[in-house]
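Questions regarding the structure given below will be posed in turn.
Each chain gets a letter, A, B, C and D, in the order it is written, and its residues are counted from 1.
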Amino acid sequence: MERFIFYILAVILIVSAIASVSSKKMLRSVIYLLFTLCGIAGIYFLIDYNFLAAIQLTVYAGGIIVLIIFSVVLIHHIEMELEVAKLSKKIIVGLACAIGLGVFLTTIYSHQFNVVENYNSVTTEQIGLKLLSYEDGGFILPFEVISVLLLAAMIGAIVIAKGKKMEDGRPKSEVLNEDK
Amino acid sequence: MTNEALQNLINGWIPLLEFTEEGSQFLNISVKPEHFHQLMEQLKSNSETNFDYLFCVTGMDWGKDLGVIYHLESTTHRHIIVVKVKTEDRENPTFDTVSDIWKTAEFHEREVFDFFGIKFNNHPNMERLFLTDEWEGFPLRKDYVDEVNMVIK
Amino acid sequence: MDTNIANSNLKSEDYFINMGPQHPATHGVLRLLLTIDGEIIKKVEPDLGYIHRSIEKMSERDSYQQIVHLTDRMDYLSSHINNEAVCLTVENALEIEVPERVKVIRTIIGELTRIASHCLWWGVMGMDVGALTTYFYGFRDREMINDIFEETCGARLTMNYNIPGGLMFDIHPNFVKRTKEFVAHFKTKIPEYDKLLTGNVIFQKRMKGVGILSKEDAISFGASGPVARGSGYSCDVRKYYPYSALDKVTFNEALKTDGDSLARYEVRIQEMWESLSIIEQLIDNIPEGDYKVATKAVIKLPKGEFYQKVETARGELGVFINSTGTKNPYRLKFRSPGFSNLSLLNHIAVGGKIGDLVASMATLDLVIPDIDR
Amino acid sequence: MILSINIVENDIFNMLLIAAIYLGIFSVAGLFLVLLERKVAAWFQLRLGPNRVGPWGLLQTMADALKLVSKELTGTIKADKFLYNLAPYFVIISSLMALAVFPFTQEFQAFDINIGIFFLIAISSIGVIGILLGGWASNNKFALIGAMRSGVQTISYELSVGLSLVTMVLLTGTLQLSEIIEVQKSGWLIVQGHIPAIIAFMIYMIAGTAETNRAPFDMVEAESELGAGFHTEYSGMKFAYFFLAEFINMFIIAAIGTTVFFGGWLSPFGITESIPWLGIFWFLGKTFALVFLMMWFRWTFPRLRVDQLLTLEWKYLLPLNLLNIVLMALIVWLGLTIQI
């Protein structure tokens, strides 16, 4: 049964990943990407990584995809289509992909995987404790560093969104342009 | 202000004004198109007349002449005056716009243009308002004929 | 890459929206061409004429009695007052003095019409800002007035009760009783309106400071009625040029000086109270007498120009008749309140959001057949 | 009949049966909610409401559904057909998935995931993609504006929904829905957490109403501004999907509220503790009380403007919510909760 579901998810993943890069319409690519991300979430669910799966759905499917859709929708008209790349570029990219796939597959098949015994699902509590622990194997430093990074991103977003400073009711840049 | 007082006041401003009260409850002024804008401006800006409320703009086809009738009221003095301007040029009748004096005139003048074909100089958007752009003729003119749609007894 | 070209590529285009001719907020077949920047309105251009019936041209062919019937179809929510305007013009021109009874009845029904119109406006105004229940409250009370009209003149909307020289028939025996019932009923309902909508925080936030029209602009744009009075411009025709029995009653002109949508809203609510007071002053002493004076079958107006103003629910309606002494007017012009009020829509909507446009358009209380005549 | 489906066996037939039962619940609940909304609206508006089809108009929504199914499907010429057809399914599948994790009674729960609340938030964030897609792919300007509004609105209010639920999770110490209800055997959370819990509940209801795009936050549809907003160009069954999803989403928001604040299937003071299957009546009773509250909002309040909507979230609800979390943390830390 699980094997069956895994294959279904794998097919969805591969097909939508290929469709995502080959679609000529930008928004469709985004939606195929969404399917890919949802498929990954499904695989996480399948191996009982519920928290990770939910994170995958919230952050990637719900957050990032919505933002991408937003930006695409704002600039992209319904009749617009992406340009088709030149044949030479196609060949180069295809070769690079084939090499990548080859390296990937050889690595996987040369490694001996062991089946985990006595597996128990990770609870949110364990994740939380691990994240905030400052002992060995704790993630408090990366956690704090990332929060500083997010703060910086947030301030940057506010500065961009606020736009130009107004001087005597006109944007500052206009005033500066006049001085030149 | 009474009609006589108004007449005496306005009479000196512009040459060739005709005053009449015959067949109307208001004081009527007829003005030549070339002095028209000047007169209207003074009627609004002069503190004794102060006609700041243009409440009716009527396009007219007197058979020979085409013209426009403006009904003006002063919100401070509460007197009413009627200004008429006319031209014999039926092919290309043109007056000055008063939409720079009263903002409401912009719409009313477009209505007059739509139905009488009277053009207004310096109007910001002199296009048909009610009828479609490809409409031929000006329906409220007396010589307008539409055999299909008009029922005339 | 040249920086100028890069900048011009980033420049956003104007976004055009066709609001109407079929759109819930335009209340009829009005088309607004909106130029917007995101949600912010940059320009509003009304496109009119979808239901233009050329009433002015038709009037040049009709007799004066017939013209009265056409005016019902202009501002159909003030149909009685529209009728009255033409009748008054003809009566003044012919120098007919109508009986006192006619004057009083005309005034009472005129004020009932005004209340009915404001009820409908209140209902759809609530709907425009998203409160759907107001519609049914407004219609519940309007229905009572329509029932009174139906009993008196057989019609609920396009009434045709006035004729040059008086009224079509006398009032129904129940008229006084039912009107009194309505007044008593409606006095308890206006506070309900306030409870449901006026006091609501969201409503106040939607209306306050939205669509501001200064007094100077109101006059310059030829605004009239509640729209102008919300901006502090005292322009009630009933006060300044009283007609029918309006010189015998005392009432206050509803005035607000804020000039925003809320002020226009409050003016109309206040007007409903004033109309109730006018009806109360007149309803108990309708004078006995004829309900019309005899006029000739074919009315010929004397040569000349005649102008009559009346105050409809939307503002100042003017009738201008140029007569050459025949049985038809040579030229008849309706100065409709809605047309002038619409001309200021662009002025008050620019810079606001789409929601603001809808809210301030609702407070203009446009009736499209009145604009499209 | 008690359905013991808590233990999912690796049996395809069993899975299909559960799926069918949930689909049944889904459509019946949706149709019933539509009828309820119309009855409630009629009650608020001094009308009778549907009373012709079936006894007390009970079959009215069935008739409407049949009408919608049999209607011709229309669309704009230049619409992106693939995305246009896909969009309603996003909306309806996400709300269907959310339905799976609710404990209707102690036994009646399809999928008792250990991160229940988080899962619900995750799923509800996907529904908005359907609205965005539908708005864009319709090739209609009103629909596009509606879609953009919806995106802005849902992203903003998801924060408040999430944070107000996090406030309550501080009390329970678990994200699993069945365990959250276990905790409430010593007092519903809205009692246990007293003032901060009540604040959290109010924020949750406001944000939840906004999350479902219902009045007074129906910016997305705003029929007096945008016609019908994002689903202007949808007709027939595709429109019905959007329509049904709106009502199911309302049910879901109310059900989360019931589970987290009002003890789910628990009866007040344990009066029916001995008869476990009565839990479903308590659960549905509480949920429909909250649904009624949301309908009450809709038929009383005017709509907010789009900037006021964002001001409300970012300037009032969010700071209040963050303060409330700190307050709740203090209460839990100092042990000031009320236990019955």
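Convention: a residue touches a chain if its C-beta (ideal position, glycine included) is under 8 Å from a C-beta of that chain, and two chains touch if they have at least 3 such contacts.
This one's a predicted model, so the numbers in the text were calculated from it and none came from an experiment.
Visitor: Averaging only over C-alpha atoms, locate the centres of chain B and chain C and give their separation in whole Å.
Guide: 25
Visitor: How big is the gap, in whole Å, between where the Cα atoms of chain B centre and where those of chain D centre?
Guide: Whole-Å distance between the two chain centres: 62.
Visitor: Once you find the CA centre of chain A and the CA centre of chain D, what distance in Å lies between them?
Guide: It comes to 27 Å between the two C-alpha centres.
Visitor: Please tell me the distance, in whole Å, between the geometric centres of chain A and chain B computed from their C-alpha atoms.
Guide: Those two chain centres are 68 Å apart.
Visitor: Make each chain a node and each touching pair an edge, then name the shape: line, ring, star, complete, other.
Guide: Line.
Visitor: Touching pairs of chains, which are they?
Guide: All chain pairs meeting the touch criterion are A-D, B-C, C-D.
Visitor: Taking the complex as given, what residues does chain D use to touch chain A?
Guide: Touching chain A from chain D are residues 10, 12, 78-80, 82-83, 86, 113-115, 118-119, 121-123, 125-126, 128-129, 132-133, 135-137, 139, 144, 147-148, 151, 155, 158, 173, 175.
Visitor: Can you name the residues of chain B that touch chain C in the complex?
Guide: 22-26, 28, 52-56, 58, 60-61, 69, 71, 75, 78, 82, 102-104, 106-108, 111, 115, 129-132, 139-140, 151-153
Visitor: In their complex, what parts of chain D are in touch with chain C?
Guide: So the residues of chain D touching chain C come out as 41, 44-47, 141-142, 145, 215-216, 218, 222-227, 298-308.
Visitor: In the complex formed with chain B, which residues of chain C make contact?
Guide: Where chain C meets chain B, its residues are 48-49, 52, 54, 56-57, 61, 217, 219-222, 224, 233, 235, 240, 302-307, 316, 318, 320, 322, 331, 333, 335, 339-340, 342-344, 347, 372.
Visitor: Which residues of chain C touch chain D in the complex?
Guide: Result: residues 15-17, 23-25, 39, 126-133, 135-137, 140, 196-197, 200, 202-203, 205-206, 353-356, 358 of chain C touch chain D.
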